[in-house]
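Here it is, the structure, as structure tokens.
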Amino acid sequence: MMKTKYLKQTEKYDGTQLRSLYAYLEHQILGDSAVAWRGACDVNFTHMVDGEDLLDKAVISGSDMVHFIIEVFDQNLASGVLLQRLFASIVRDVIDELSPVKNLEIHRSGDDLYWKKKKLSISIATRSPVSTLVHFAINVSNKGTPVATASLEDLKINSKVFAEKALALLQREYETTIEATRKVRPVP
Amino acid sequence: MMKTKYLKQTEKYDGTQLRSLYAYLEHQILGDSAVAWRGACDVNFTHMVDGEDLLDKAVISGSDMVHFIIEVFDQNLASGVLLQRLFASIVRDVIDELSPVKNLEIHRSGDDLYWKKKKLSISIATRSPVSTLVHFAINVSNKGTPVATASLEDLKINSKVFAEKALALLQREYETTIEATRKVRPVP
Amino acid sequence: MMKTKYLKQTEKYDGTQLRSLYAYLEHQILGDSAVAWRGACDVNFTHMVDGEDLLDKAVISGSDMVHFIIEVFDQNLASGVLLQRLFASIVRDVIDELSPVKNLEIHRSGDDLYWKKKKLSISIATRSPVSTLVHFAINVSNKGTPVATASLEDLKINSKVFAEKALALLQREYETTIEATRKVRPVP
Amino acid sequence: MMKTKYLKQTEKYDGTQLRSLYAYLEHQILGDSAVAWRGACDVNFTHMVDGEDLLDKAVISGSDMVHFIIEVFDQNLASGVLLQRLFASIVRDVIDELSPVKNLEIHRSGDDLYWKKKKLSISIATRSPVSTLVHFAINVSNKGTPVATASLEDLKINSKVFAEKALALLQREYETTIEATRKVRPVP
Amino acid sequence: MMKTKYLKQTEKYDGTQLRSLYAYLEHQILGDSAVAWRGACDVNFTHMVDGEDLLDKAVISGSDMVHFIIEVFDQNLASGVLLQRLFASIVRDVIDELSPVKNLEIHRSGDDLYWKKKKLSISIATRSPVSTLVHFAINVSNKGTPVATASLEDLKINSKVFAEKALALLQREYETTIEATRKVRPVP
Amino acid sequence: MMKTKYLKQTEKYDGTQLRSLYAYLEHQILGDSAVAWRGACDVNFTHMVDGEDLLDKAVISGSDMVHFIIEVFDQNLASGVLLQRLFASIVRDVIDELSPVKNLEIHRSGDDLYWKKKKLSISIATRSPVSTLVHFAINVSNKGTPVATASLEDLKINSKVFAEKALALLQREYETTIEATRKVRPVP
């Protein structure tokens, strides 16, 4: 079972939220979970975990984003990356469903989403000693982003409606994934 | 590294191909792999591994499909199911790209793809004692299928072009997934 | 979540029930599960999995027992053995609670329970390629057992009441065990 | 093989002893181990690892307890929690055996032991990057405990005799558990 | 702890000995083990597990060899292959020590040993559902081998002395390997 | 695939290089890797990870050594120790091949190499939260070592030629090891 919650907080994401038991210790949500909230983004090098970003001396910031923290237990890091990318695909589906803009053609490349070659999202999957974690965030506004970006505002999508829909689909995807591992016979 | 190959064979898929080292022992392809070929489909209960199908006494058949067998090592079954679903998402992208039909709106539900509520594909992910395996197949024709289906013929897509494109995207997806697990710092 | 069920069947336990997905494929119970039923017991060498029994050429039989099949996913064999022994401890607690006999002093040694040095139960924990499995059975009657045994009849305990209580406590034990793994911080 | 030792130290348990290689680096005991000693208890929030305690802002203290640190290798956290609970069951057996008080009815709930609804023990199981660890402690005296407690003094049990008996039974339980994983045949 | 034994049997190795619990069920040796014996060798395709041999339609035979079956628990297949190769290195050391022939220059390539470009040994590492297994065999005589081989006879080495020395060194190597995993601190 | 590189740096090894992603974050080498360089060695207690060295209050130093840092993913610590020891065996082979000194009789004991009972090398294998790591270093000179040592100078071996040869053989050993795990059939 995965528990999900859209949080009322407007906390800035600074990378420290990507830690084991964040949902439990800060929001009393125990077990596999996905939480989301709206807030700014500013990750310094100390809390930047993507080695590629570190090598690039990347700026990770934005004035207004929807953040998701996913935490799953008993999974390895590859599962975390695959879940992260599947979530990017889910987010694309939610955008397609909610946006009044026609023929959007959102493009997924790994864990990134693009609209008209402009970056919509940032994401990273990692391990804590006890769990597998994903941060995924999508721009609500393009203010304060370090590169040419697209945002939910551009797509005319309400951020709360978006987040709740994405959480619901992720929950169903993860739960049916685990179920699928428990109803199959092994092969030789 | 994942090796991929579109095979020239027209072998009927009967479920026995979903076994460890199929790509290596039958086609000399060693390691993480994805192979595809075109052929009929007819899986009897002995080789049916999806418990849900067994309980439903499902008929798994088709006169003409493109079959994919994916085999990855050092991954658990949950990773296999997540990869299977990500592959379903990739297949949808390939269809969108290749089909001349406009506004297709292919729908993914778990590991299944639908077009106009008709089933395009079948799939299962499972474990052998040494690897994780996925069978994914898409209808080339609707002949011989047990339910209302859609097919690459309906979508006006060449099966070989489709298979090679899907294999190439899967290879890139899997390789960058593994890379992503090797360039991230752990969190507390 | 662990699902439990006391089955109405009176199937003889012959060792073939100790296989992956028994609860799902025979009783439509998906995921971590524990099922119990009342029936005879007769396990031949082909289906005997305890190497010690095989070396001893042991007879595993009884005319009337309560059988439990526990199946858990994502656990190794050591977890299965520990769970098996904890279940033996739970069964002892249930006996203490239900029996009108005073000062019972049931003794647990590993996965075995004894009353007045007579064997009350048999048990084995093993692995399938996709799950960890436990068979635990307690004598309802002493008829047909190969050694000096004790039984629920001796202890004046109703087998159905016993089984349902044991299933309920096991479910709670396993669910809180998994919860406990998801609310603890790691140490250096 | 599990090595056990009752230590002569009277060190206060402050949570820092629950770390990888404590037995090896402080007491030259290599490998799977269980050590015990008598001492006070005072764990501050920095070294408190039970998330539930952290959320509750629990006080973890006592003037005189017997502490056990168990460390096992090659086991996951679920095994650690199951071993912890099995140890609680063992401790109950040792109390039953050693106490001159009649009809004790010690109650185990998860990893906690109660006597007449008063708490006898505290415990936590966690992971280090290289091992699985358990702290289990039982009150020798009720002085300095934050809630209504029971103690070995109440039960008229000598703490050293108790600790050595519990260590011996734990060692046998763990060693036979590992043996049990190595003499069973797999099932389909 | 690894138990080792040089068996008195002269059983032909036909591939069926490479199975889980062979040492326990046939020779009452429980746990991590290495057993050796002298006998002929003839492995048919049904029991040939090396895919490369199967593709090559290799003949695996010899009239007189020293066979080793190593079984270790709680290890993955890569550990098995690394242990197999380390054992090949140990066997080379034993040959260097025991042979009166000077300047032998035995060459190890992966899991194979060569003397003057002639093959001295055969070996395979694999998995059972519950353990990791290695078969390693060295020619005592060159009779009945399918290719140009070298043998202990050529090197003037007594097969029993050789086997017992190799078993003793392997035991020490494996036990100190496991110890080494239990006395190291993790790094960030 | 394992990537290897002989680095131009003359960085002192102080233990901090033994951390996850060192090769990637410092030298842009992604994935399974082995890097080597020549430099001094001085490891203080804070960065000493071998518990035995810590207990012994060992001095780990040298004025001039060739250092290797090996990092592999998806392997446990036992695999790391086995790989470390196999690498010690490889290093011995490289020395035998490159040294003009006759009848060297280098002796390997676990992860240590000796020549005429003098220590040639130091090594440790450990875990980071995301990978398995090995440090192996061989003396180029005997200056500054805390005990009686031997060195590449004694053996008249060029350190760069040595390092590049050792890296090449390690790469081949590891890649064929992984291949070997992917072409074998499981056994019962």
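Each chain gets a letter, A, B, C, D, E and F, in the order it is written, and its residues are counted from 1.
Please note the rule applied: a residue touches a chain if its C-beta (ideal position, glycine included) is under 8 Å from a C-beta of that chain, and two chains touch if they have at least 3 such contacts.
Note that this is a predicted model, so its numbers are computed, not measured.
Peer 1: On the document's contact criterion, could you list the chains that touch chain E and likewise touch chain F?
Peer 2: Common contact partners of chain E and chain F, which must touch each of the two, are B, D.
Peer 1: Just how far, in Å, is the C-alpha centre of chain E from the one of chain B?
Peer 2: Comparing mean C-alpha positions, chain E is 40 Å from chain B.
Peer 1: Could you grab the centroid distance between chain A and chain B? Build each centroid from C-alpha atoms only and quote it in angstrom.
Peer 2: Averaging C-alpha atoms per chain gives centres 26 Å apart.
Peer 1: Provide the list of chain A residues touching at least two other chains, using ranges where the numbers run on.
Peer 2: Where chain A meets two or more other chains at a single residue, that happens at 20-21, 24, 51, 54, 77, 127-130, 178, 181, 183-186, 188.
Peer 1: With chains as vertices joined when they touch, what's the shape: line, ring, star, complete or other?
Peer 2: other
Peer 1: So which chains end up touching which?
Peer 2: Between chains, contact exists in these pairs: A-B, A-C, A-D, A-F, B-C, B-E, B-F, C-D, C-E, D-E, D-F, E-F.
Peer 1: Quick one: which bits of chain F touch chain B in the complex? Just the residue numbers, please.
Peer 2: Touch list, chain F to chain B: 1, 20-21, 24, 30-32, 73-74, 128-131, 178-179, 181-186.
Peer 1: Name, in rising order, each residue of chain E that touches chain F in their complex.
Peer 2: Counting only chain E, the residues touching chain F are 18-20, 49-52, 54, 75-83, 85-86, 89, 93, 108, 110-111, 124-129, 133, 173, 176-178, 180-181, 183-188.
Peer 1: Of all residues in chain E, which touch chain B in the complex?
Peer 2: Residue positions touching the partner: 51, 54-55, 77, 127-129, 188.
Peer 1: Give every residue of chain A touching chain D within the complex, in rising order.
Peer 2: Touching chain D from chain A are residues 21, 24-25, 28, 129-130, 186.
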